[in-house]
Each structure stands twice: as structure tokens, then as C-alpha cells.
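Structures are listed in the sections that come next.
Look at the two complexes coming up: chain A is in both, with chain B in one and chain C in the other.
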Partner chain A sequence: MLIRPVAEDFRVIGSYMGRIFLVVAAASLLPLIWAGIVREWHPFGSFLLMTAVFALLGVIGVRLAPEVSELDWSHGMVVVALTWLIVPMIGAIPLLLSGHFGRPLDALFDAMSGLTTTGLSLLSDVDHLASSLNFWRHFLQFLGGQGIILAALTIFAGTGGITLYFGEARDERILPSVTSTARFIWAVSVVHLIFGVTALGLVGWLVLGFDFDRSIFHGLMTFFAGFDTGGFSPQSTSIGYYHSAVFEGVTALLMVAGAMSFGVHYALWRGPRRSVFANLETRTILSTFGFTMVLTLLGLAATGLFVNVAGLTRQGFFQILSAHTGTGFSTVPPIELARWGGLAFGGMAIAMALGGMGSSTAGGVKSLRIGLTVKAVVNQIKQVLLPEHALVGTAYHQSGRKHLTPVLIQSVMIISLLYVALYLLGAGIGLAYGIPLQESLFESVSASANVGLSVGVTDPSMPILLELVYMLQMWAGRLEFVAVFSLLGFAYAWVRGK
Partner chain B sequence: MRRLIRVAVLAGVFLFIPVSASAAEEVSVAEILEMGADLAGEEVTVEGELVGDYGFRDDGSMWTQLNGDTYALQPIREGGRPAGANVGIALRIPLDLGGGLDPPGGYRYRGPIVRVTGIWKYHDTTRPGESYVEVQSLTVTEPGRQLDQEVDWTPIIFGLVLLVGAGAIGWLTRSGD
Partner chain C sequence: MSEPRDRRWLSFLGLSGGLAMFVAEALIVVGLVTLAWLTSVLILSVL
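== the complex of A and B ==
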């Protein structure tokens, strides 16, 4: 029997959401201050309004709904799913008031795309956008990539912290407590921020010949979108704007760092480093990257778009790395990407669908699930081929020796299948609107796996239903379904429960 | 004599043909992006707004972006309608042509509208895979200008009211603890 949620359930959920909104209100002071410093008064007003709404909801949640009981698993999941819906709604206020969107839903689309680190955009005329609004778009990707819940957990954890932590699609607790794990993740990010912005800023200033302040601006934006595998860019031509192999190289390093799980970061920092390369996840991602890279390069060679190997390799490598890490940066325009048919299209689509490592800022099915699926299939084949009573080894290495259990296989398979279903959902809707299969599938996978590469389907003139479906895909893909289903179950119980 | 004139006319015609064939093709930025491979190595003339940054590199060139979209004619801040993404290509301009330009387009400026003629380098072999126009001549057809910035007081007032409300709720409920 379904039990209808009672007032106390709502108060618990409201109280935790209130705390998170207060943390986001504090974070949204940054673009407000930025707008004030650079005297962008129109965006300043919209940031003030957004901060006030976050603060008001936060205070109402915390003060009017005092915590009366512990946050259990289902409460935690509902908090996560709702937070990831409401924060983009309020975060879209400055985007909507900017005048750069044709309809309010488009602004929400961009806020959702930013927070989920997807990178698809419906923003018109980014080349004339205020720097503070660009900062907010990219900072949203940083908040979303790190995890807004994680940001809140750094400050408060309480007894429900672990639920919230896992609800935000993290499956690995690196240190004994959630708070210390959250702080470690922030420490890794801040170190990367310092090195990333410095390196990109220096390249911009010394190699590209930009003004110093613009170099730092480009460095900061590219860091936010690169390390958090978001893919927004302050200029309309993405990383192709810079026309620099050095800039692309530094960006590539940031994308790789972003797609690595924080567990791998921990092992690389504290050791033992050799264990990183023994991990099933690392081996899987290296294999799939190599496979999709070869596929894409062969496909590109067949298209004849590139006349020399150096050009083909440079462009192919960057695009496939961007796709596999779920970043969405590009160095070729969407109109050209749409022409990458055949094997090149296959390589890109597979890379996007597979995604980065678990517990990273990347999206997609994730390489650990791919590795475990392959291992399970191989074991099944062995079981069939070997004598009836032969034992097939189930051990694998992932931060230590582990065993492939039926429960684990089931969980991996379910999530992987849900991703496939999500990819097909958007592709099907696109097809129904008359968009060719290749383009529908590419854009759908890009939205669901939070990549952001586009072949031009995502456009302000796109059908509203398709836009809504892409938003759903971004949200569900980022949260890896569990929190989303919990919210749906909670809502159903509220309506039909007794 | 007539024969001589005919020969001279024909010679002139044949001389003229190669001249017209090598003349720069007038194209839009969108056409360059659409027909990138077909125009590879061709001399093109294209018009648009300079946006983003002027990057002065050690090899004596200046890089920037040329946009050929509706925002070049009417920026959103001057009443232009949101009509989708920008349409831009890269320009590589010799330093002697790129000096003295107004600031590039951005939030505060509508960049200069220029008409450039140059070679369309599509997936250039010397700069692996990059595409851009190697500019040979540049004419400013409309200087850049500063964009007005009006202050909208409505969100500021609403924001302040909500902040006061949030503070009041926090203070009132705190005093009731």
C-alpha cells in the first residue's frame, strides 16, 4: 500500500531545500558583485532579483519549516531531484531578463543546460552578451559539475548528508565522512582552477595576444566549462575562436581532469598511483577512447573534408575528446559537424553515449558500467563454453579487489538500459518532427549524456515539445535516474496514497 | 584593318576573361560556412561586424572574428530580435591593415562593420585543420559605436523588497524560537 506523505515529510524536505537555496543565494552573490564591479547595471538588477528569490526561499525553508525528523533515503532523493529543477528555474531569471532569449522556456533551457553541464544553448547573440551574464552561465556549469548539493554539504552535512551525496549521482565516498569528501572535491577543483586559469590566461595573453583582462576572462570561462565538462563558451565559435593548438592542448587537459573520477584524483594525489591504471574503469575508458578515436579518424578520412593528416588528427582528436568527456567544446562549426557522416558520426555518437568516469563531472552511461557490462557478458560466454561445473572468476579491480555480484550486474544493466531508452526518446521525438535520423540521434545523445555538441537541431526555432524533452533528458541524465524516479514516486504517493 | 580590330577586340576579350575569373567572389559569412569546401582557396569578399577580441600575434598577424548575422545590423540592446546563434568566421589580418580599428563588438560596443577581401583557407594545411580568411584588403564601411546602457529599476526594486522580506521572515521567526 502506498503511504501518502504527511506534513512532516514536506517540512523535512523543505528544510533541507531551504539550506541548499541559502548556499546557492550566497553563490549567486558572485555574479552580482561581478556586474557591480564592471558596471553592467542591467544584469546587476536581474542578479539582485535572483539572489533575493533564492534567499527568500531559503529563509522560508529553514525558518518556517523547522527540521523535525531525520532525512531518510526517499526524502533525500526528492530534495536532490527538486533542487535540480528549482535552481535552474530561479537561475534563469538573469538570462530571461537579458533579452537574449525569444521565449521564457529558452532561458530555462539554457539554465538547465548550464547546471547539468550539458552545454546546448538557445541563447541568441552570445558575442554581445554582458560579461557578468557569461560569468553566470559558466559559473552555473561549475556549480552543477561540482554538484550544488555537494556545495551545500561542504557547509552542512547532518545525518542526511550521505543520502543527498549519493542522490546527486555520486557512487564513491573517497574519505570516511561526506563532509571531508566534499571538501576534498572542492580542494581538487580549486587547485585545478588556479593552474587552469593561470595557464589559459597566459596562453591568451602571451600567445594569442589578447588584452590581459580579456585573457583572464577567457581563461576563467574556459576553465569552468572545461573542468566541469560543461561546454559553454564566451564566444559563438567555441574553442575554434582561439585558433591555437596550445590553447586547445590546455583545454584538453582540463577536459580529461574533469572526466576523471574524484577517486582517481585522490589516488593520483595521495597514491598509490599505479592502482589507477589497474582499475577496470581506467582501462575501459582508455579502450573506448582509443576505439572511438580510430573510428572517427577513419570516418573523417573517408569524408575527404581534410586534405592532410595533421589537420584531420588535430580536429578529430579534439572533437572526440570533447564528446567522450561529455564537454561539448568544438573547433568546427555545427554545420560542418553535421557533415561528419558514416564512421565519424558513429564514433562521435558512441563516445558521447559512453561518457566519462563515474563520480566525475561528466555524463553518459559511464565507463565503470561499460566495463562491468562487458565483464558480465564475457563471463556469461565463458560459462556457456566451459564445462557445466567450471567456476568463472568474478573478481575485478576498482580501488581494490571487488566481485561482480548479480545485484551489481542488475543495477548496472538497469541504469545502462535507461540511458539507451533516454537516447531513443529524444531521437524518436526528433524523427517525429521530421528531423533526419542521424541528426535526431546525435542531438538526443548529446542532451541525455550532458555533452552539448550540436549539429544544429538545438535552435530557438525548435519545437517546444522537443525542447522540453531535451530538458528532461538533461535533468534525468545528470541525476542518473534514481532521484528522478524517487520524485515521481513521491508525487504519485501524494496523489494516490492513503 | 577591320581584321586587325577584330583580333584586337578578341584578344581584349580573352585578356578580360582571366581577370574576371580571378576577381573576388562576393559572399556572405553564412555562405562561406555552408560552402566551406567549395570555396577553399578562393578569393572572397565578405562584409560583417568585427567581434570579440583583437589578438596580436608574434607572426605579425592580428586575429579576430567577423560576424555576418542580423545582430551586426541591429544589436539586441538596440531593439534587435533574438534570432538564434551568431554566424561568424575567423579573420587573419596583417598588422598594417588591422591598426586603428574601433574596439571589437561586445556588450558595450557594436564593432566596426568592415568589408574584407582575402583567401578563404579551408582546413588550412599550414595551420592544421583551421579555417579562416587570410585578409588582403580591409575597408571600414561603418565605424564601431558605443551601445547605450539603460538601467532597469524594476528588478532592482523587486529584489530589494524580496531581500527585506527574507530578512524580516528570518528575524521574526528567530525571535519566536
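== the complex of A and C ==
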């Protein structure tokens, strides 16, 4: 029998959400200050309104329950799913008031795309967007990539910290406590921020001839979108705008860092470093990267678009790395990407669908699940081929020796199948609107796996239903389903429970 | 048994902590670019 949620359930959920909103309100002060410094008064007003709404919701939530009470698993998941819905709604206010969007829904689409680190955009004339609004778009990607809940957990953990932590699609705790894990993640990010902005800023200043302020701005925006595998860019031509192999190289390093799990960062930082390359996840992602890269390069060479090694390597490598890490940066426009077709298209779509490592900012099925699935299939074949009483090894290495259990296989298979269903959902809706299968599937996978590469389907004139489906895909794909199903279950129990 | 070898890895450059993490990430990128370049050479010479 379903039990209808009572007032106490809503009070607990509301109080945790209130605390998270207060943290987001504090983060919203950054674009507000930015707008004030550069004297962009129209965006300043809209940031003030947004911050006030976050703060008001935060205060209301905290007043529901001044003492932080215990948060159980289902409450935690509902908090995560609702937070990831409401933050983009309020975060879209400055975008909506900017006048750069045709429909209010388009502003929400961009806010959802930003927070989920997808990178698809319906914004028109990004090249002339106010710098504070550009900062907010990219900062949303940083906030979403790091995890808005994680940001809150750094400040308050409470008894429900672990539930919130796992609800945000993180499946490993690096240090004994959630708070110390959250702080380590921030430490890694801050170190990358210093390195990324300095390196990209220097390239902009010394190589591209930008003035100092512009170099820092482009460095910071590219860092936010690269390290958090978001893919937004202050220029409509993305990374292709810079025409610089050095800029692309530094961006590639940030994309690789962003797609690594924070467990790998921990091992590279504090050791044991060699264990990183023994991990099933590392071996899987290196194998799938190699496989999809060969497919893409073969496809590109067959099109005849690239006839020299340097051009083929540079374009092929950057695009496939962007796809596999779930970033969405590109050095070719969507129209040219659509012309790639065939094997190159397939290689890119597979890379996007597979995604980066677990507990990273990347989306997609994730390498560990792919590795475990392959291992389970191989074990199954061995069991069929070997004598009846032969024992098939189930051990694998992932931050230590672990065993492949039926429960683990079941969980891996369910999530992987849900991703496939999500990819097909958007592709099916696209097909219904007459978009060719290849483009429909590519764009749907890009939205669901939070990548952001586009072949032109995502456009201000796109059908509203398809836009809504892409938003659903971005949200469900980012949270890896569990929190989404918990919210649906909670809502169903509220309506039909007793 | 693996700990002494772990300490040696990158330590020949005197690197540790965050800097070692960067060098490792840069080495991975260089390795992937080299792989892409070799693949391109092979593909273009065959096609």
C-alpha cells in the first residue's frame, strides 16, 4: 500500500531545499557583482531579482524547520530532483529578461542546459551578449558540474548528506566523510581553475593578441565550460573561434580532467598513482576512446574533407574528445558536422552515448558501467563454453579488488537500458517531426548524455514538444534516473496514497 | 609492494600533489594525440 506523504515529509524536504537555495543565492551574488563592476545595469537588475527569489525561497524553507532533521533516502532523492528543476527555473530569469530569447521556454532550456552541463543553446546572437550574462551561463555550468548539492554539502552536511551526495549521480565517496570529500572536489577544481585560466589567458594574450581583460574573460569562460564538460562558449563558433592549436590543447587537457572521476584525481594527487591504470574504468574509457576515434577518423578520411594528416588529426581528435568527455566544444560549425555522416557520425554518437567516468562532471552511460557490462557478458559466454563445474572469475580492479555480483550486474544493466530508452525517446520524437534518423539520434544522444554537440536540430524554431523532451532528457540524464523516479514515486504517492 | 614504485612514478621530476596531477593529465592528452596522429597516418596511407 502506498503511504501518502504527510506535512512532516514536506517540512523536511522544504527545509533542506531552503538551505540549498540559500547557498545558490550566495553564489548568485557573483554575477550580480560582475554586472555591477562592468556597469551592465539591465542585467544587474535581473540578477538582483534572481538572487532575491533564491534568498526568499531559502528563508521560507529554513523557517519550515529551523533544526535540520534526519533525511531519509527517499526524501534526499526528492530534494535532489526538485532542486535540479527549480534552480534552472529561477536561474533562467536573467536570461529571459536579456531579450536574447524568442520564447520564455527557450531561456529555461538554456538554464537547464547550463546547469546539467549539456551545452545545447537556443540563445540568439551570443557574440553580443552582455559579459555578466555570459558569465552567468558559464557559471551555471560550473555550479552544475560541481553539483549544486555538493556546494551546499561543503557548508552543511547534516545527517542526510550522504543521501544527497549519491542522489546527484556520484557513486563513490573518496574520503571517509561526505564533507571532506566535497572539500577535496572543490580543492581539485580550484587548482584546475588557477591553471586553466592562467594557461588559456596567456594563450589569448600572447598568442592570439587579445587585451588582458579579454584574455582572462575567455580563459575563465572556457575553463568553466571545459573542466565541467559543459560546452557553452562566449562565441557562436565555439573553440573554432580561436583558430589556435595551443588553445585547443589546453582545452583538451581541461576536458580530460573534467571527464575523470574525482577518485582518479585523488589517486593522481595523493597516490597510489599506478592503481589508476589498473582500474577497469580507466582501461574501458581508453579502449572506447581508441575505438570511437578510429571509427571517426576512418569516416572523416572517407568523406575526403581532410586530405592531410595534420588536419585529420586536429579536427578528428578534438571533436571525438569533446564527444567522449561529454563537453560539446567544437571547432567545426553544426552545418559541417552534419555533413560528416556515416562512420564519423556513428563514432561520435557512440562516444557521446558512452560518456566519461562515473563521479565526474561528464554524462552518458559511463565507462565503469560499460566495463562491467562487457565483463558480465564475457563471464556469461565463458560459463556456457566451459565445463559445468568450472568456476569463472568475477574479480575486477576498481580502486581495489572487487567482485561482480548479480545485484551489481542488475543495477548496471537497468541504468544502461534506461539511458538507451532515453536516447531513443528524443530520437523518436525528432523522427515524428520529420527530422532524419541520423540527425534525430545524434541530437537526442547529445541532450541525454549532457554533451551539447549539435547538428542543427536545436534551433530557436524547433518544435516546443521536442524542446521539452530535450529538457527532460538533460535533467534525467544528469541525475541518472534514481532521483527522478523517486520524485515521480513521491508525487504518485501524494495523489494515490492512503 | 606497489607503494615504493608509486612514489617513484613522476617523483624523478620532484613532482607531487596537484602538480603531479597536471603532469599526469598532460601526459594522457599527449598520449591520446599521438595515438590520433598515428591512426591518421595509417588511415591516409591505406585509403
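As a convention for this text, the second predicted complex is superposed on the first by the 492 of 498 C-alpha atoms of A that agree within 3 Å, B and C clash if a C-alpha of one lies under 4 Å from a C-alpha of the other, contacts with A are read in each partner's own complex, and residues count from 1 in each chain.
Basically, contacts are C-beta pairs under 8 Å (C-beta built on N, C-alpha and C of every residue); 3 or more make two chains touch, one makes a residue touch a chain.
Remember, it's a predicted structure, so these values are computed and weren't measured experimentally.
Enquirer: When the two structures are overlaid on chain A, which partner does A:L321 contact: first (chain B), second (chain C), both, or neither?
Expert: Only chain C; A:L321 stays clear of chain B.
Enquirer: Taking the superposition on A as described, I'd like to know which of chain B and chain C A:L312 touches: first, second, both or neither.
Expert: After superposing on A, A:L312 lies in contact with both chain B and chain C.
Enquirer: On the A-aligned overlay, A:K382 touches which partner chain: chain B = first, chain C = second, or both, or neither?
Expert: The answer is neither, since A:K382 touches no partner chain.
Enquirer: Which holds for A:G271: it touches chain B only (first), chain C only (second), both, or neither?
Expert: second
Enquirer: Classify the contacts of A:D125 with the two partner chains as first (chain B alone), second (chain C alone), both, or neither.
Expert: The first partner, chain B, only.
Enquirer: Touch test for A:A302: chain B only (first), chain C only (second), both, or neither?
Expert: Only chain C is touched by A:A302; chain B is not.
Enquirer: Determine, under the contact definition given at the top, whether A:P460 touches first (chain B), second (chain C), both, or neither.
Expert: first
Enquirer: Could you let me know whether more residues of chain A are touched by chain B or by chain C?
Expert: In the superposed model, B touches more residues of chain A.
Enquirer: What is the contact status of A:V191 with respect to chain B (first) and chain C (second): first, second, both, or neither?
Expert: second
Enquirer: Across the two complexes, find the residues of chain A that touch chain B and also touch chain C.
Expert: 307-308, 312-313
Enquirer: Quick check on the complex: what are the chain A residues that touch chain C?
Expert: 188, 191, 195, 249, 252-253, 256-257, 260, 265, 268-276, 289-290, 293-294, 297-298, 301-302, 307-309, 312-313, 316-317, 320-321
Enquirer: Which positions of chain B touch chain A when the two form their complex?
Expert: 33-34, 36-37, 51-58, 62-63, 65, 67, 69, 71, 75-77, 80-88, 90, 92, 105-107, 110, 123-125, 127-132, 147, 149-156, 158-163, 165-167, 169-170, 173-174
Enquirer: Give every residue of chain C touching chain A within the complex, in rising order.
Expert: Checking each residue of chain C against chain A gives 2-3, 5-7, 9-10, 17-18, 20-22, 24-26, 28-29, 32-33, 35-37, 39-41, 43-44, 47.
Enquirer: Spell out the part of chain A that touches chain B in their complex, as residue ranges.
Expert: 40-42, 44-46, 48-53, 55-56, 58-60, 63-64, 93, 97, 99-102, 121, 123-131, 207-211, 214, 218, 235-237, 240-241, 243, 245, 305-308, 310-315, 331-333, 335-336, 459-461
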